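Step one of this worksheet: look at the structure below.
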Amino acid sequence: MKAKIAEKKTTMSRTIRADYLARVEGEGAMYIRLKGDEVREVKLKIFEPPRFFEGFLRGRSYLEAPDMTARICGICPVAYQMSSVHAMEQIAGVTVDGPIRDLRRLLYCGEWIESHALHIFMLHLPDFLGYESAIHMAPDFKAEVEMALTLKKYGNELMALVGGREIHPINVRVGGFYKAPARDEVRGFRDKLIWGMEASRKAVALVAGLEFPDFEQDYEFVAMRHPDEYPLTEGRLVSSRGLDIDLSEFENEFEEQQVEHSNALHCVHRERGNYFVGPLARYALNYDRLSPAARELAVKGGLDPVVRNPFKSIIVRAVEMFWAYEEALRIVDSYEPPEKPFVETPPRRGTGFGCSEAPRGICWHRYSIDDDGLIIDAKIVPPTSQNQRTIESDLREYVKGRTSLSDDKLQWQCEQAVRNYDPCISCATHFLKLTVDRG
Amino acid sequence: MSPEPGSINLTDRIRGGVDPMVPRIYNVERIRRNNHDTFTMELNPADGGNPEPFSAGQFNMLYIFGVGEIPVSISGDPVQDGPLMHTIREVGTVTRAMARLKPGDSIGVRGPFGSHWPVELAVGTDVVIVAGGIGLAPLRPVIYQVTGNRSRYGRMVLLYGARAPKEILYQRQLKAWGGSFDMDVHVTVDRGERGWNGEIGVVTGLIRRAPLDRSGAIALICGPEIMMRFSAQELLRRGMDKDRIYVSMERNMKCGVGLCGHCQYGAKIICKDGPVYRYDDIESLLGRREV
Amino acid sequence: MFILEPDGFEKILDSLREKGYRITGPKLRDGAIVLDTIDSAASLPRGVRDHQGPGRYRLEETGDDSWFSYTLGSDSWKKLFFHPIKPLFKTTRDGGLLQIEPEPPREGLKALIGVRPCELQALAIQDKVLAEGEFVDRHYVASRKGTFIVAVNCTVPGGTCFCVSMGTGPVADRGYDISLTELGSNGATRFVARAGSPHGEELLAAASSGKAGESDLQLEAELLEAAAGNMGRSLDVEGLAAALAESGDHPRWEEVAERCQACTNCTMACPTCYCHTVEDSTDLTGSVADRTRVWDSCFTADHSYLHGGSVRETRGARYRQWLTHKLSSWHDQFGGSGCTGCGRCITWCPVGIDITEEAQAVRGTARG
Amino acid sequence: MPLRTTKPKLAVWKFSSCDGCQLSLLDCEDELLAVAGAIEIANFPEASRAVVRGPYNVSLVEGSITTPEEAERIHKIRRNSRIVVAIGACATSGGLQALRNFQDVDELSRLVYAHPEYIESLNNSTPIGDHIFVDHELRGCPVDKAHLVEVLSAFLNGRKPNLPNHAVCVECKRAGVVCVMAAHGTPCLGPVTQAGCDALCPRYNRGCFGCFGPRENPNTAHLATWYLDQCGQTPEEVIRLFRGINANADPFRRESLRHES
């Protein structure tokens, strides 16, 4: 969005405002106040209206959680579905494995592919290349845009294959699925996945060649970690500063705070404050769990095992997209439909925890249910609320050395810095507004 | 033992090898506005051939590219050669899209379909035509046919009701017919306007006063369902026979050839048995709700 | 009359397949019998029977090896000939000029396995409507040609069947190439088989294990007679059509409106319902338009739509249209009933509205 | 038909929602470039920073009205748009967030937020059509992307979009799906829900839960009776079924309230 400029003549202060931040999911604004070279205030303001999901969930059946929580976010509904079904299964004392678990991973790979392809090419890349959007890019980069659309489309097709549709899949239930896809349908996906792996390789090469601002920060990365897999829906929570906890301990370590300028809660570490979730964190903490081919690709893309430049998240996403295609292929090639598509999970009183790696970071859930399976209490911590503070601190640091830039440029670059996080504001309750106030 | 019981033994009953569901392309020659919401289209086949012959009262299914297809009666002269004519009132999606057509555009035409006005029965007797609104369009072919061979028929009376003076269709023709063809033309409007010195009121009022005396006359009625019912009753009261009164019915139609099921009216299939019915054939249905 | 053993049955399928027939038959899917392509007799459901009632269908394992102890599922053969979704033509536009490219009718040899007597009648009714009038549906005609029918007489009628009332079952008397009656089960299924066409005769002669004996025919007659006496429902059709024709203002229609969902399930499941509509669509550039024919139903608002609104607004009027068409006006239009007594509309009505009950209620108190 | 000279302008607006319906437009991978060729994407923040001033030929509006600010903003959009299409369950009935309409919003706010005083929210979540005149409503949670393309191409071609108002059952039977009500005893909202999803849930052996909202002439009362008598449901279960994605749509709202006591 175009900056509105109002210069005050007497001092060097100026106000830059962009009321609606584009190419992010949801409604928010960014507000930066400068006095000379000094950054006075940075706010990521989320004005997406609250929708009170945790409140509605009370009194609903535990079986309804995957359908209801999916509606928190149209971009990563599967994350909400997976975190909620895992929590409910924990309460029921049931673990789901074999082909049902594989199908869940396949569905989630679909979501990663779709979301990453969307973010890399349609939301983030235009910033690097100086276009307003991917559609504006299309005339100059026809082949790339077409490749991007196909990469994304296959992700969507995977979701539809397993989940019934791309957005708000209907096939996910506590205990598994309503119906398992037929063997031939799943196996038939093979060629698309092989194409997707190849195209992802090209995507990595493409984005690795971009110019990146010199900007590194010392983040505390937080992600899930699984004993032997790159994390998706299961594992412990670990951090680059030594945290290693069970999902149930999340609230001991982290807390959600409400701030006046935002409808989204900020989640912070109780002692250490802001932290970083999402691809960079996942990658740094699980580098050793990537497949050999994905690791090789990361190296080719010029990535170290730990990446501290958030602008380079675009490369990490491309590597993860490759990984998701590869993982999907592994599942597809060995798929045999389960005898029964779900495990029975009779209602049982208790509290359960679920967490999964949404494309933009961990999505943590806690539920308590009563004897009849009705939800007594629910708590959901989406990824963007966890990154909000870090985004603000990035902005503060990023603006510091760049106050000499024109308002327009500075605004665009700050927007880009926000987009590094692929913030999903709809989840966080829900668009972005940038105000640079240099007064 | 029949040779192939499981299968059906059919020669292709498809007329002239043409699929009745596939339109023939016609080009718009000319569009004339009749009034603020009604226009008459003149069409000729795009292949340069002649329009299909038709009988007065029959209709075509007109297809407009990507928008839809609707039944419309033919309003031109069934005897003389000339372009295919349809007079259409704009009421919804398809009719509005048709109103935007320009000469040179093409549309699809299937037909003609359905039954026709029994003009042959009128030979040697009087003909009473009762029309309401756009209902005059399907009856115009009858007038052409009669005036084209005036001496074969008895007296001709046209009773026509429109909502308002400016909605009267074919105004110049009405004058000409009334003036020179030995035809009684009576027009009434629901609402008068300044400058209107004609009749005001419903068309049944005209029937009450129409110069109707010869028994054996036939009556042809077309207009809204309720208008047709009341007109028929009025004609009966004036001593006409049930089996000499004809009406033209309207129902949703998707195929026009009796296959889609939409135009059922009691046991009737309007596109096939109708749209023109002898009054006593459907009398019992006319007053019923939601048939 | 032949005796056919299971391997003879398989032989018939094999030779049909060799001749290029696509074979469709009953299959077990999602807790119901559906009609689908079958590879061999082995993919036919075995040892299952159905329990059908108003709005209710459940399968049960019989524990034996019976082949045809179930009756009808919700789909009927009509889907093979009168396709639920059928492209009619594609129009391209260049400037104002149109060009129409009709969808070519598709022919092809089809073998139907396990057609019940009431369904033979249903096919005959649809033939009459769609293929024997002044105008015919050419897609129907094309796909209906070259059909080979293996009928199965009913020995275990379903809970909503009333073919006896409609005079359509439980024994097939014409319209088949081969008809079968299953004798016994308990691992010893065999069939009495009859040929209804030279082609059927030829196949049977090659596949059967000989002529049926007196005792086989005796057993068959008993089974079929018992079936006829075992109908789940009945409908007194004497004078029914006339009574319904006069029932326009019957209060029962309003009463049924309180239950009826106007959901269309009865019409979609009915093997003789043929209502269809057309849908037009365009691409974004506005240069190509498609016209597609799809199944429709007299229960939708659009079915009777005239500018300004539907003629049949209320669910009662829509239900009346359906029932009186099936059981009364069909006679006027096509010289017979539109109902075969298959019971599908009763079983698959999600709220269990029963045509036999409604017809009876209306007729019981119809004014003359 | 007149040839198009300048491209019509499309705008996409967001109100309270999950973003899924507008994402559906980006999910039209095969048509996206064709859409962009036929239409000028004049305001679609999720896809582009570029903003072209109104008035717009078509505005797609996602989301429901839940704040005083939204209740004002929607009028500006109406004034600036020739055609307004409300997209999705939120925009056409209030969406899942309309569950608040059955509860006390202050209490909900206290449940979720430590400082409810910072939260500005209306008591009810309401559809766009409650605030302004809407030219078309596209149902679904999310909308079906083929319907989005259909609405745009209908608009481009000057016709009425071809969208059904009959029951899901029509699509269910056309697709040859086994009815989950009759064959499994699963309560299904299909008979009272508008078609458009191609009977997705029944295809997956589950009952329809009403994403596309009520169809024309729905008979919810007797369906609910059937759930209670024949599917073994409790009144609470019936309430929850009707009080889902389209809880605030009139027939569904009334039905769920009827079972409260």
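Annotations for the structure displayed:
Note that the chains take the letters A, B, C and D in the order they are written out, and that residue 1 is the start of every chain.
In the analysis below, contacts are C-beta pairs under 8 Å (C-beta built on N, C-alpha and C of every residue); 3 or more make two chains touch, one makes a residue touch a chain.
Everything quoted here is computed from the prediction, not taken from an experiment.
In terms of Cα centroid distance from the overall Cα mean, chain D ranks first.
More inter-chain C-beta contacts link the pair C-D than the other of B-D and C-D.
Comparing the CA-atom centres of all chains against that of subunit B, the greatest distance is found for A. Our note on geometry: subunit A versus subunit B, Cα centroid distance of 65 Å, whole angstroms. In this assembly, the C-alpha centroid of subunit B lies 43 Å from the C-alpha centroid of subunit D. Between the CA-based centres of subunit A and subunit C the separation comes to 51 Å, rounded to the whole angstrom.
Between subunit C and subunit D, the centres computed from C-alpha atoms are 36 Å apart.
Counting partners per residue, subunit C has 96, 280-282, 286, 302, 313-314 as the residues that reach two or more other chains. Not a single residue position of subunit A touches two or more of the other chains.
Multi-chain contact residues of subunit D (touching two or more other chains): 1, 157, 159, 205. By the contact rule set out at the top, the touching chain pairs are A-D, B-C, B-D, C-D. Subunit A makes touch with subunit D in their complex at residues 1-2, 20-27, 47-56, 58, 60-61, 64, 67-68, 71-75, 77, 114, 118, 122, 126, 132-136, 138, 145-146, 149-150, 152-153, 156, 164-168, 170-171, 173, 177-179, 257-260, 263, 265, 412, 415, 424, 426, 430-431.
Residues 65-68, 92-93, 97, 100-102, 105 of subunit B touch subunit D in their complex.
Residue ranges of subunit D in contact with subunit A, taken from their complex: 14-24, 26-27, 29-30, 32-33, 36, 41, 45-51, 66-67, 69-70, 95-97, 99-100, 103, 105, 107-109, 111-115, 118-119, 121, 141-142, 197, 200-201, 203-206, 209, 211, 237, 240, 244-245. For subunit C in complex with subunit B, the residues that touch the partner chain are 88-89, 91, 93, 96-100, 102, 112, 127, 129-138, 141, 144-149, 174-177, 195-201, 245, 248-249, 273-278, 280-282, 286, 289, 291, 293, 296, 298, 302-308, 311-314, 317, 321, 325, 328-329, 332-333.
Residue ranges on subunit B touching subunit C, taken from their complex, read 1-8, 10, 12-15, 19-23, 25, 27, 46, 63, 65-69, 91-92, 101-102, 104-108, 250-252, 254-255, 257-262, 264, 266-267, 269, 272, 288-291.
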